[in-house]
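Dropping the structure in here first, questions after.
Per-chain residue numbering starts at 1, and chain names A, B, C and D are given in the order in which the chains are listed.
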């Protein structure tokens, strides 16, 4: 079974653009959050519902590579994939391109612990592991 | 007794400036929060401590007038005053000017309910009323 | 002719919610921007295109009333109307409610000057006045 | 000559904290910006002045590791170092800890191109290379 994958389209907000006329760097992490949230909804595990069930995915690491400009109102397309990373972490990979041209804007990943409400690491629930698919190379 | 008043200096962050080269409009509300927080600390009621004691001041109304530009790294000076507004609300007034010239940047107010942790309105504690001073014209 | 009106749906982002579990107050102004942008697109005057033609609408005043909570991933519906305000300003009014219940979240207005690229006030172009309709009570 | 290093203290803003009671992940990148800006000011090259001279440092890569929680009003201490990375890039490393305890909050780096106003890569000016010191291992 392949990794879950999901694509969303959105427009760059005026509030996200800096004086160089392109999105401010931290905005990529906010977009990545939208990618994760919509992927989880698409595979039947809305994140708000996961949190209500006491399963949290706090971010422990982020990595972003900025590959091109994107200005106010540009329509972008973000593709997100998710997978277990080892036995205890979840990793999302995001790629953002211009919707019209496919020209690259930004890509990166976010790594997440699996915790309870108090922030204590827990064994990932079976339904989470099943939904995200086996880790590549795991046996 | 007069209204409590407090002044802070800060610099405009790169992330706060939009493509017109001046701060994005919503940033004023984030600055106003800093003004409130530092005023409350100065009068001996740090807001984090108030929240731990179960007293919250959720924003119910904001008003902002934009009077001038402020670009990246400009040093600004914000003066905040606080007062009871009627018997159940707290009002903060903020004025932000360029530190070097006094030229106006933005001013406005925020109006706050007094609630418990669950969001239910409560009678303002006596220590809060005492610290903020009698409302102008109240008898 | 009536005022132009436009409605959009969106979800509250995780990054927009504070420790009280509801959206942080300044976020309303970012949402309002989305309402303005989509209304202008809907009436055939995308704001990015207006700016390229040298017509800017810098915010000179904002007013927000907070009427109810909205948490992470709640689906909201924002209705925006626009009108000339006097002969030289544009005013947008926004109302945000829960999409499912119509329960009120936040409403307010933003007032805008009409300027050129350098920030100098200009006479509102005829196409702008025509698109926004006559001011109520103007003759 | 060692790498330039600079330390700043700041408090977590209410607007930066999410519903888990700790800062939202993208905020780290905004803090990192403050670290860079203050380091450059400390070594006599304020970034606003660099931009006016036509030298820009757009972010091309960011990496963040989240090591601990930090709530509203917590006082944090950020240490920033800067160095050339190869002949054409600048790298900043940031470490953020609780000011009172030294307990770790977040650390990471940002990698920057050196460009002109239009975004075209330029040879780093001699004054920039001199200020940042020779790259480790460079001969």
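Everything that follows uses one rule, which is that a contact is a pair of C-beta atoms (placed from the backbone, for glycine too) under 8 Å apart; a residue touches a chain by one contact, two chains touch by 3 or more.
The structure displayed is predicted, hence computed values, not measured ones.
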Chain located farthest away, centre of chain A as origin (C-alpha): B
Of B-D and A-B, whichever chain pair has more C-beta contact pairs: B-D
Whole-Å separation of chain centres (CA-atom averages), chain A against chain D: 24
For chain B paired with chain D, centre-to-centre distance based on mean C-alpha positions, whole Å: 29
Separation of chain A from chain B, taking each centre as the mean of its C-alpha atoms, in whole Å: 35
Residue list for chain B, restricted to those that touch at least two other chains: 14-15, 20, 26, 30, 33, 71-72
Chain C to chain D touching residues, read off their complex: 14-15, 17-21, 24, 26, 71-72
Residue numbers on chain A that touch chain C, as the complex places them: 11, 13-15, 30, 33-34, 37, 46-48, 51, 71-73
In the complex, chain C residues that touch chain B: 20, 25-27, 29-30, 33, 56, 58-66, 69, 110, 119
